[in-house]
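The data blocks that follow each hold one structure.
Each of the next two complexes has subunit A plus one more chain, namely subunit B in the first and subunit C in the second.
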Partner chain A sequence: MKWKNRKPFISTDLEEASPLRNFDPRAKLFLSLCASVVVMLPLQRLVIFLGIYIIFMIWARLFSRFLKQLDKIKWVLIFLFLVDWLVVSLQLAVEVTLRLTVVTSVFTVLIATTTPGELALALERLGLPYRFAFSIRLAFQSLSMLEQEWQAILEAQKSRGVFSDIMNIRTIFTKVGDLVSLTVPAIVLATRQAWVITESATARGFDSPMRKPYRQLSFTTRDWVLGIISAGLVLTLIFWR
Partner chain B sequence: MKKKYFSTFQLIVLTLFSALIVAAKIALRLPIQLPGHSGLFWMAIMIVATRVVPKKGAASFVGIVSGIMATFMGLGDFGSLNTLISYSAIGIGVDLALLLLGNPENLVVATLVGIIGHFAKFLVKWAFGAISGAPLGFVALGLARSIISYLVFGALGGLLGGLTLLALKKAGFFAYLAEKK
Partner chain C sequence: MLHSENVSFSYPQTNRSCGLLSLSLHQGESALVHGPSGCGKSTLARCLAGLIPHLYHGQMNGDVWIGERNTKEMQSWEIAREVGFVFQNPAAQMVASTVEDELLFGLENLGLPKEEIKTRLDFVVDQFQLNSFLKRSPYTLSGGEQQKLSLAAIIAMQPSVLIMDEPLSMLDSSSAYEFINLLIEQQEEGKSLVFFEHRLPYLQDFPGLKRIPPGIASNEQPGSQIPTLPYPEKAEAYSIRVQGLTVSFGKKKILEDLNLEFKGGELVALVGKNGSGKTTLLRSLAGLQPYEGSIRVLGDGQNESDLPRLNMVFQNPDTQLFNPTVREEILYKIQQPNHELYEWLIQALKLENYQETQPLLLSEGEKRRLALAITIMHPHQHGILLDEPSLGQDQRHKDLLIEILKTISQAGYLVFFATHDIELAAHADRMILISEQGIIADGPTRNILQNQNAWQQAGLILPHWIAP
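After this line comes the complex of A and B, so read on.
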C-alpha cells in the first residue's frame, strides 16, 4: 500500500505576532460570531463589511491567513461565480462569492490567535462543564502521541506484508477487511491509554468540587472595547437604512 | 455528588477516540483522489466509539471534540465554521442512525450507520452553499460527484467499523473493558 507523504508533527499554527494574541478569547469569539451574522446582509452592506474586515485583518497581521483560507476554496469560488454570472446575474455572482468569502474566514481571528487551552478555558468561563473543557485540552495533548501510534501500527503491519498491494479506488473494496489490522491495535492502544489517564486524573482529584484552573482569564477594558465595536458595527450594518 | 452522564473513563476514552480520528486523517492518507475518502477511518472509529461507550450522545461528543480539534488544525477547505459543524454533524448523524437501527455489531447496520453519518457531513456542505445564496440547483450540481463518493466511503467506513467491532469482540476486548469499568 502506498501512502501519501505526511507531516512529521502535528501543531496548531498560532500567529504570535498578531496584536489580537493578547486579547481574551471570549472577546475574539464574540467578534467572530458577530462577523458570521453579516453573511445574511445584502450586497452593498456586505461590501462595506468586507472592506472594514480586510483593514482589520491587515492591522491584526492576519491578512496572509485570510488569503491562505481563500486560496483553499478558490476553484469553488471561481466555479460558483462563473455559473451564477452566466446563468443568473453578475450581482448574485458577486453576492454569493462575498458571502462564501466571509463565511470561510470569520473564525480565522479566533483560531489563528488562540491556543486550544485558552479556548477551553474561555468555554469553561462561559459555562461549559470543566470535564468537557478538560476533554478539549486532553485531545490536543494526545494528538502527537496518537499520530505516532498510527504510524507505528502502519509500519508494523507493512513489515508483516499486510499491505503488499497498492491500495487504490479499484482495490479498496476488496481490501477493506485488511484495514482492520490498523484499526484494532489503534483502538486497543487508545483504550489502554485512556485507562492510564483515568487512573492518573482520579488520583489527582479530577472530580473534586474544589478544583480551580491553574490559569485564569481576565476580561479587560480592551476586550470590552473590541466586543462593543464588533456589536456596534454589525448592528449598524443590520439596521442601517 | 451528582452522578455524571459519562464516567471519567468514558469521557477520556471518547476524547482519545476523537483525537484518533484527527490523527488518522493526518497520518493515514490513502492515495485516493476522491472527496470524502477520509470517512473510511473516521466512520469506523466513530462506530467503535458508540459500542465502547454505549450511551446516547457518545458519537455526538466524539464529533464535536474532533470538530474543535480539526478547526484548530486547519483541516477542511471551507473554513473553521464549516469544519466544526460538519464534524459535529457526523456524530449527531451516527447517534440518530443508531437510535433508529440498533446494534452496530451487525454489519448491515454498521454500513447503514456509516452512510447516514457521512451523508450528514455532505448535507452541511450543501447547507453552506445554500446559505450563501447560490441557487440550490447549482450547489447540488457542484456537489453531485461528491455525493456518490461520500455514500461509498461512508458505507466502507461503516463496514470497517463493524468488522473492527467483531474483531475486538473475538479478541476479548469487551470482556477486558468490562473488568476495567
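After this line comes the complex of A and C, so read on.
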C-alpha cells in the first residue's frame, strides 16, 4: 500500500538559496507593504503588478514555493471565484481571485526569506515595543507547531470515531457537534503552549529593562534599491493615467 | 544561597494546594525533592524559581530567599539572573527559531555587552557540543538534544542556582546519563542544583545529593490496590504480520523494510532512543501513518487482506478531552456500550470517584488513565497501542499501568507499547529494540536484557539496576 505524506499548510522553511534571504528584513517588509497597497487597485493594474511580481519571484527563486502555496489554497480560490461569479459578476470573481493570489505571493516571499527573529528585530528597529515584536515572532514561530497539534487532535478524535458517520441530513448536527471535539482540545493546547512559553521567557528575564539585542541590522545599497523600485512601481500604478 | 521555609501554594480555581517545602542550599550543594505524581512538585519548583508568586495567581505561604533577598520583593528578571529553571518538556519551552537564537535569548535579556555575549555563547556551544546544531530549528532536535540545549541556554546566563522540574522524564537512558554528567560538572563548578524528579534510580549516584522528604500529601490514591479483576472480553486467536514496512518523511527514511509478527495475547515493549521511529511504527499499525509495505491480520476468521483494528493511546491526553464529565468522555461515540467493561475500567483505573468530574480538571496522571479508558472502551478487535505510557508517572502509577496491560493481554489481545523507560519495558513478555538502523533485537524480554551487544548497537545504556 502506498499513501501520500501530508505536507504542512504553511511551510515555514527558509529558502536559503534565494538572493532575497540576505536582504534587510525592513526592505522586505516595505516591499510587502507596497504589494499590499496594490491589492486595492483596479483589475488592469493588478494584472500588470502580478506579472511583474511573478518575474521578481522567478529572479528570487521563490516561484515554485509560491506555486506550492497556491496549490494549498486552490479550493478556497475556486470556491470564491465561483460564488463571486454566480452571485455578482465575472469581473469581481477575477479581481477577488487575483487579490488573494497577490496576498499569497507577498506572504510567501516574506516567510520564505525571513526568520521570525529577523522579523521581530526589524519591527523593533521600526519602533515597535519589544514586547509586541516578540509576540509577533512567537506567532510566526508557532504556526507549524499549532498545525502539528491540530493534526494530533484530529488523529486522536478520529481514532475514537469522530467524523466517521456518512454525511447526510440526519448526521449534519452530529458533524457540527463533532467540531467541538476538535475546538476544545485545540484551545486548551494553544493556551497551554502560550503559557509554557510565557513561563520559559519569564524564567530567562524576558521583562528585563536592561535588554540589549546582540544582532544588528544594516540597511545597505541593495536594500535601498529594492525599496526605491517597490515604491516607484506602486506609485506608478496608482498615479498612471 | 537558596533558602526556603514552609513554602506552600494554593490555586484559586481548584482549591488544590501543595506544600510544605523547607530547604537550605549552599554553593555547590544539591537536593532532590521527590513525591508521588500529583503532589505538587512542579508547583513547588515554580515557587523556588520565583515564577510563583510573580506569574501565578493564588495564595503562596512561606518565603524563598536567594542570598539575602526574598523572591517576593524581587522583580522576575532579577530572579532570572540568579536562578535558572529547566522545564519538564524541553520542546515546549523553546522561544526561538534557531538553536543560536535560543542561546542568545537569555544573554540579551541580561543586557551584557556584545563581546561578553559572544564569549559566553562560544563557551556553552563548546561545552555542550552544539556547534553542528547552531542554525537548526530547536524543534528538529531529538529530546535529549533539546534538553541539553535548554540547559545550555540557562548555563550561558551563569545563574548560581538551577531548579529542574522532572528534567529526565522525557529522556532515554543514554541521554539521561549524559544530562546527569553535565549537571555533575555544573555542581563541581559551584552551582547549587535542586531536582524535582521521580526517576530516582538515575540520581542514586549523584554526588552529595540531599533527599528532601516530601512533606506533601498526594491528591491521588492510585496503586493502593492493584486490580485483580479479569478483563470482561476475550479475543479470538490471531496474528498480525508486518512486511517490508517503510515510512519516509521527505527524503529521510524513518523506518525501512521492517518485518515483524505479533500474536494476540502478547505484551510487547518497543524500546529505542528518542527519534528512533517508535511512534512512527505505532502510528503505522494504527493506520494513522502513510507507509509502504503491508500490515495484515491473519487467522481470526477474517480475510487475509484485512487491516488490524488496533486503538492507540496518544502521548498527550489533552488532544482527546472535551466532554463535560469523565463518564461522557469514556462513552463518547460508543453505540452500544459494554457496561461491564465500563465498570471494570473505572475500577481498574481508579476513576470511580471522578465519573461526574470535568476531565480537564483532573491531574496529569488521572488524565492519562482516562485516555487509556477511552481507548480500551472503543471497540478494538485486536488490541491496543500505547505511546510513552509512563511519561511523568511515578512508580505506583507504573505498577498500576503494567498490571492493567497484563490483564488485557491475558484476555488474548495484543498490547504493544513504545517507551524509552526501560524499567517499564522490563515487565513486558517480549521486547523489541529499535534504532535508526532498524530492528536491533527482538525476543523474550529476559534474553534482550542480557544481550549487551544489542543495547550498545541501539545506542542505549542498560541501567545496572535493571540488568539481570
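Going forward, the second predicted complex is superposed on the first by the 144 of 241 C-alpha atoms of A that agree within 3 Å, B and C clash if a C-alpha of one lies under 4 Å from a C-alpha of the other, contacts with A are read in each partner's own complex, and residues count from 1 in each chain.
Note that a contact is a pair of C-beta atoms (placed from the backbone, for glycine too) under 8 Å apart; a residue touches a chain by one contact, two chains touch by 3 or more.
Everything numeric here is computed off the predicted structure, so don't read it as measured data.
K.L.:
Return the chain, subunit B or subunit C, that is in touch with more residues of subunit A.
P.N.:
Tallying touched residues of subunit A, the top partner is B.
K.L.:
Applying the document's definition of touch, where does A:L143 land relative to subunit B and subunit C: first, second, both, or neither?
P.N.:
A:L143 sits against subunit B, while subunit C stays out of touch.
K.L.:
Could you say whether A:R204 touches subunit B, subunit C, both of them, or neither, answering first, second, both or neither?
P.N.:
second
K.L.:
Based on the superposed arrangement, let me know which partner A:R131 touches: subunit B (first), subunit C (second), both, or neither?
P.N.:
A:R131 contacts subunit B only, not subunit C.
K.L.:
With the two complexes superposed on chain A, say which partner A:V184 touches: subunit B (first), subunit C (second), both, or neither.
P.N.:
Both partners, subunit B and subunit C.
K.L.:
Does subunit B (first) or subunit C (second) touch A:V96, or do both, or does neither?
P.N.:
In the superposed model, A:V96 contacts subunit B only, not subunit C.
K.L.:
Go through subunit A and flag every residue that touches subunit B in one model and subunit C in the other.
P.N.:
Residues common to the subunit A contacts of subunit C and of subunit B are 2-4, 6, 116, 138, 149, 180, 184, 188, 193, 197-198, 201-202, 206-207, 209, listed in rising order.
K.L.:
Tell me, which parts of subunit A touch subunit C in their complex?
P.N.:
Going through subunit A, the ones touching subunit C are 1-6, 115-117, 137-138, 141, 144-145, 149, 152-153, 155-157, 159-162, 164, 180-181, 184-185, 188-189, 192-193, 196-215.
K.L.:
Quick one: which bits of subunit A touch subunit B in the complex? Just the residue numbers, please.
P.N.:
Within the complex, subunit A contacts subunit B at residues 2-4, 6-7, 10, 12-13, 36, 39-40, 69, 72-73, 76, 79-80, 83-84, 87-88, 92, 95-96, 99-100, 103-108, 110-111, 116, 119, 131, 134-136, 138-140, 142-143, 146-147, 149-151, 154, 166-169, 172-173, 176-177, 179-180, 182-184, 186-188, 190-191, 193-195, 197-198, 201-202, 206-207, 209.
K.L.:
Flag every residue of subunit B that touches subunit A in the complex, lowest number first.
P.N.:
Against subunit A, subunit B makes touches at 1, 4, 6, 8-9, 11-20, 22-24, 26-32, 34, 40-41, 44-45, 48, 52, 61, 65-66, 68-69, 71-74, 77-82, 128-129, 131-135, 138, 141-142, 156, 159-161, 163-164, 167-168, 171, 173, 177, 180.
K.L.:
Please name which positions on subunit C make contact with subunit A in the complex.
P.N.:
It is residues 46, 49, 51, 54-55, 75-77, 80-81, 83-85, 87, 89, 92-98, 101, 104-114, 117-118, 139, 153-154, 157, 248-250, 283, 286, 288-294, 311-312, 314, 316, 318-322, 332-334, 360, 374-375, 378 of subunit C that touch subunit A.
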